[in-house]
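Structure, as structure tokens:
Think of it as A, B, C, D, E and F in the order they're written, each chain with its own count starting at 1.
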Amino acid sequence: MPRKLLEDKLKALLAEDVGQGDVTVSAVIPRDLVVKAEVVAEENGVAAGIEESLTLAQAVGLEAKAHVADGEKIKNKQVLITINGDAQTILTVERTLLNMLSRMSGIATQTATLQAKLQNAGMKTKIAATRKSAPGLLYFDKKAVTIGGGDTHRLHLDDMVLIKDNHLAIVGGVETAIKKAKAEASFTKKIEVEVTNDTDAQKAAKAGADIIMLDNFSPTQAKATREKLKKAGFSNVILEVSGGITSENLLEYAKAEVDIISVGALTHSVKALDISLEITKPK
Amino acid sequence: MPRKLLEDKLKALLAEDVGQGDVTVSAVIPRDLVVKAEVVAEENGVAAGIEESLTLAQAVGLEAKAHVADGEKIKNKQVLITINGDAQTILTVERTLLNMLSRMSGIATQTATLQAKLQNAGMKTKIAATRKSAPGLLYFDKKAVTIGGGDTHRLHLDDMVLIKDNHLAIVGGVETAIKKAKAEASFTKKIEVEVTNDTDAQKAAKAGADIIMLDNFSPTQAKATREKLKKAGFSNVILEVSGGITSENLLEYAKAEVDIISVGALTHSVKALDISLEITKPK
Amino acid sequence: MPRKLLEDKLKALLAEDVGQGDVTVSAVIPRDLVVKAEVVAEENGVAAGIEESLTLAQAVGLEAKAHVADGEKIKNKQVLITINGDAQTILTVERTLLNMLSRMSGIATQTATLQAKLQNAGMKTKIAATRKSAPGLLYFDKKAVTIGGGDTHRLHLDDMVLIKDNHLAIVGGVETAIKKAKAEASFTKKIEVEVTNDTDAQKAAKAGADIIMLDNFSPTQAKATREKLKKAGFSNVILEVSGGITSENLLEYAKAEVDIISVGALTHSVKALDISLEITKPK
Amino acid sequence: MPRKLLEDKLKALLAEDVGQGDVTVSAVIPRDLVVKAEVVAEENGVAAGIEESLTLAQAVGLEAKAHVADGEKIKNKQVLITINGDAQTILTVERTLLNMLSRMSGIATQTATLQAKLQNAGMKTKIAATRKSAPGLLYFDKKAVTIGGGDTHRLHLDDMVLIKDNHLAIVGGVETAIKKAKAEASFTKKIEVEVTNDTDAQKAAKAGADIIMLDNFSPTQAKATREKLKKAGFSNVILEVSGGITSENLLEYAKAEVDIISVGALTHSVKALDISLEITKPK
Amino acid sequence: MPRKLLEDKLKALLAEDVGQGDVTVSAVIPRDLVVKAEVVAEENGVAAGIEESLTLAQAVGLEAKAHVADGEKIKNKQVLITINGDAQTILTVERTLLNMLSRMSGIATQTATLQAKLQNAGMKTKIAATRKSAPGLLYFDKKAVTIGGGDTHRLHLDDMVLIKDNHLAIVGGVETAIKKAKAEASFTKKIEVEVTNDTDAQKAAKAGADIIMLDNFSPTQAKATREKLKKAGFSNVILEVSGGITSENLLEYAKAEVDIISVGALTHSVKALDISLEITKPK
Amino acid sequence: MPRKLLEDKLKALLAEDVGQGDVTVSAVIPRDLVVKAEVVAEENGVAAGIEESLTLAQAVGLEAKAHVADGEKIKNKQVLITINGDAQTILTVERTLLNMLSRMSGIATQTATLQAKLQNAGMKTKIAATRKSAPGLLYFDKKAVTIGGGDTHRLHLDDMVLIKDNHLAIVGGVETAIKKAKAEASFTKKIEVEVTNDTDAQKAAKAGADIIMLDNFSPTQAKATREKLKKAGFSNVILEVSGGITSENLLEYAKAEVDIISVGALTHSVKALDISLEITKPK
């Protein structure tokens, strides 16, 4: 996203916190006082939101310099960003900046942990996000997953056809739904369908699904479906598993040759990374 | 907040997810088909976001009826809301509705758990939120804390003077800062100051702080400060502790007669409550 | 798109035309006068924008009833919509409603004409839009193409990877670009690449492009590329032609077995369909 | 319009196209790579939208330099603008910039062609736009007409009283309507009325209309009305013709001494001028 | 302005006052309690803002009924509007509604007082507003002047050419400026010019100004200019006086046959009419 | 408020006045002409809105330099600000800048006059604003009061609990209301209650109100209440008077030891300070 559009998004988020103005700052902090501040990690993790932090700081007229790039590992007490500028502005923007940075870094850290487990075992399987995000933060949550090495999955409702249980409850079977989708949807869209059993997975592949989401399949079930699909000549279909994934069974799914493991908790149950801001040169 | 203003906020959040339109729905779901759906809890907890869910549903033209009120305990598999209306609209709005409801219920559940621990021990101490929220969601996050029995704390930057470490780093001592605040801030604002030791706590009380935040005090330290304040005639000053609070030491702080225990994790590290939506009468 | 979100989009477009208020209406038209009006075609074509017209009319409190559905053929002098309501409001909204309806119907008519030519010849080739739209009207322009029987192609910049000449000028060859795209882009995205010669088309297929856009290929060249791809085992790759398409050579391209013929003029050089609004029962 | 307000309008149009971000650019184009690009005419015409292009480019942080001014004639292959800056940003903004520039230049070119025909014949008659614009683009469409040498006519609904057939259907006769308008409308507004016959034209002049729009008058009829008005002492009334104007009969209307010839097609049926952007120095 | 567009404007104004929610109402007023309220005049005046009040009340879901129309005289203690609905909503919206109603009624009252003075003396001279409004309230302030019997004058910067002292300081003389305006501005615009002496007034008329603003002319000077213009055959030019107008010399200006007396204080120095809201049936 | 957020607010206010563009400026003022201008006081007063003026000027790309700070006394003919930049832009922004500056300075001047009266008499009593502001201008109106030496009072509905007559009409007595407020509202909020007699004032203090607003109390009544409260041990309760305050009786209230005198007229009936802008170096 062009930085100038990102600026406007971030200023809108800041404005919510500012309300009619920061009454603490206007009461106790002198005007036109230039200070320095450091943004410091309070625990180990993976940095994400560095670009957002710089953009927000610059959007309100502060100088900001990053000492780490998005996606890099960071250590407790590491200085991530230094900021230089108007004291009132730094203090007013502090919390919005940290909220974004901590959330994005928390998401990236958790994604990277899961992804590392797969990579360390030599697997190509990808961790993916879902749309189970905090409302209004799809862009930032998805970006943080990418920074952590995962896949965004759909960005929102207009970029892929994803036929889920509730769609099927209305349309009828998997084949009808895919047939309709192929007829009606743009050729630019991949078509994914969620199935709850192997029979539907096979039907979906035959009907031309690009991606099949195996909902709550055990690793064994997933493996069986993958093999059956191969035998039927559907080697190219992308398999995604979703539901019941834990840090423990992750590798088993990967070994079942699924391509994508999607994890809602990455964005719906974020553990923010602890990051603080400290005024270092007060005057 | 008047429901019609809430509608506009929620529609803006929905619009982000919709983008140029839900391509799945337009490809596979018939137009003008009326169906029913149920919003169902998938685990125990405390409901929050029921009002937001009804408002959002109604804002897009759906009939929605709640079977539980915000703040009530809910059980796994309990039906929370029934919705009736256009199938395409229900499916498009499903994820935004669930994202809000799950997040708010997760926050309320965690708040209620902590608050219950205090109440069960006969304590009047209140759990409070901070401004460590997901960016853009201050209103909803704070409301969920209230629904869970906690206190919102400051809503944003304009409703109280809260002098923290970074302000003090610039202004100098606690007394100077409070003196400035009393001179400059509106009489309508309470003045809170964050202190890191008992000496500053005593100074703050003398200088006229309404609330004193004890930063990273142990329960023993907090207790000592409370007693010293009482002896010095500052019985009315409100004491808040922040930092290092765990579910385990919660009661010890309460026994130290602090009034407020603020917990950033309530809103910065939310565990969403698992809630789903199911189409029940497809046609 | 949920109708209530569409309402907000349309009201924003109306507001631009209204400015500080319709001074003609407030000077000469009585308040609270209910009248009827008819929206009437002034030439033959295909209706599109009927849903937008109804939504806009209802968004400003008018009753509106369609006598034709989006996508249906309409004849000169046919009544498309009847409106009932406040006279001042009808007259203020008239031009915005007609501008949208005429533009969308013009796009749908032209799309349908080209698409019919292909269908009448028994071809499955699809006419597609591009992003060469009027700024701000992507949603409506693309929807009109769909209504006319065409394909939207990409909706905007986030729903597919489309590597064009300018990307290639930076990245280098087709293979490098596709390789990068496959490594970096989400598994949910199709990858399309624009090529200017057969060699690159073959490379693109080998590198794994889902869609290949043949830029300014003659029908003969397109046919040769299609056959070579088939022989090389790339039967599934989708071929799109773009550039130099005319109503005359359309069928030749279709015979060359291209899947998609994209036509920028559908949306960048719209001929609006002539449609008017007439007050039928003045008092 | 102050450039900074124009920036905001243009960024909003860009944001629609960007959605959650340009996935092609983020997948294949390196970050922080500076390149050069040229905006090049692909056919002859009149430039319009140069200011908008520069403003948009600068609004997203690019350097842009125009080699032609709005209103100047341009030739096939002429370089109109050179751009220097971040490669990702240039590629993301390319289409929105070209869409605006092509549309505005198309409008200006067509306007200039008609206006030249009149000027070459020594006529002072002016070509004018109508409000039959693409929704949301009134400002840009009208500005393009001006650049092409035409008159904007009303900008929107608040800047003139224009009593049309539908108003008359409600109010009654031309005289009543004008009388009402003169009594109710601000003294700052001109009053125009649309008439379908000479009798009403004469009445309108007597009632004090500033401008009379002759709807679907032949050149002969227009000439007769003009002369009758002169004889009756209404030399100053401005005559506008509308409806049935073609490139062929344009001069005949001018010879009938009408002041204004308004042409809806200038903005409702735009033929975009072919303009492209090319990366010239990739690295 | 269509009521639905007005609703959105008013809701935006309300939202500023609401912030994160009305904490008084949520603390002390029960939910879902229906009450009645009356909006009551606390002094005599002219009602304006009744439509805005009804629209705002209805926009937030309240029933509201007016007992007086915009423009009618109201007396101390007269009930203007009755409202029925949710108690929390009424109390939250109370101040925004009263602020708008009091301001608009104050403007209308003052306008009506001046206008009555003129009418009682048998004069046709009109009182007019200027653009010296409260920022953001041009629409409402101008509408209130109209309701009070005055003229809006220009609504904003796009609806008339008004050449003032600062324009002349740049362009040079009155004649040059008008000549440029006639050549460049749309035929739909009236051209007004501000002059500071009779010589320039005569030049302006000759150059073709539609309206001449006599800046700080005494009544005697204005009268002399009017007569000279008549003799020179410029009977139709509209004369406006501005500057130094008082309630006392108003009639003298009218007797000098000026058409328009514009009074900035009508909108820049409003005396709000005292109006209150009272809950009448609490439960 | 961070200057960049203020910029966006001010640009939105400007945009309302600009509409589709300043037609005078585009007709008569050359493009890219740099001129100088001075903002000059036309009467004595207190400056407020200087920061807003600079911010607005800079937001549209002008250089602006203040010669006086917000809160300073200014004299008739004093130059407040000099502006340098594009002539078209200066003339377009002139009125919005002056409207804001004149209104804010008018408010500050009136506040300072009242406040000076108190200070000159050696009183510490503070003049305070109310929420009786022009709709949409709460931020600016409150800031002007502060600049004039007064207190903002509540900024909007979310920053204090203020229980007024209409709340009491629903809830019942003062004690019930305060009890509810103390139980339900956040510990961060002060609680104020409006009373109409001494009995309720005493009850309010006992129930724990932080601030008591004496509605329409005479100075004598206010004094009696103050003394009774002191005797009852409520020395710390803040007393505010409201209603019936005049410049004449101001000191009497102060002598009654009320802390706050709130004056609605400061913001609902503003007398704008006369300030003009003059082009000083035209070319």
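Going forward, a contact is a pair of C-beta atoms (placed from the backbone, for glycine too) under 8 Å apart; a residue touches a chain by one contact, two chains touch by 3 or more.
In this text the structure is predicted, and so the values were computed from the model without any measurement.
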{"item": "Reference chain C; chain at largest CA-centroid distance", "value": "F"}
{"item": "Of A-E and B-F, whichever chain pair has more C-beta contact pairs", "value": "B-F"}
{"item": "Centre-of-Cα separation between chain D and chain B, whole angstrom", "value": "52"}
{"item": "Separation of mean Cα positions, chain F and chain E [Å, integer]", "value": "23"}
{"item": "Computed distance of Cα centres, chain E from chain D, in Å", "value": "32"}
{"item": "Residues of chain B engaged with two or more neighbouring chains", "value": "18-23, 92, 138-139, 155-156, 158-160, 186, 189"}
{"item": "Pairwise touch network: line, ring, star, complete, or other", "value": "complete"}
{"item": "Chain E-touching residues of chain B, taken from the complex the two chains share", "value": "1-5, 8, 138-139, 142-143, 155-156, 158"}
{"item": "In the complex with chain F, residue positions of chain A that touch it", "value": "11, 14-15, 18-23, 59-61, 88-89, 92-93"}
{"item": "Contact footprint of chain D on chain E as seen in their complex", "value": "126, 128, 151-155, 158-160, 186-190, 192, 211, 238, 259-260"}
{"item": "Chain B residues touching chain A - in the complex, by the definition given at the top", "value": "12-13, 16-30, 33, 35, 37, 87, 91-92, 94-96, 98-100, 102-103, 106, 131-140, 155-163, 165-167, 169-171, 177, 180-181, 184-186, 189, 265, 268-272, 277-279, 282-283"}
{"item": "Partner chain F, residues of chain C touching it in the complex", "value": "19-20"}
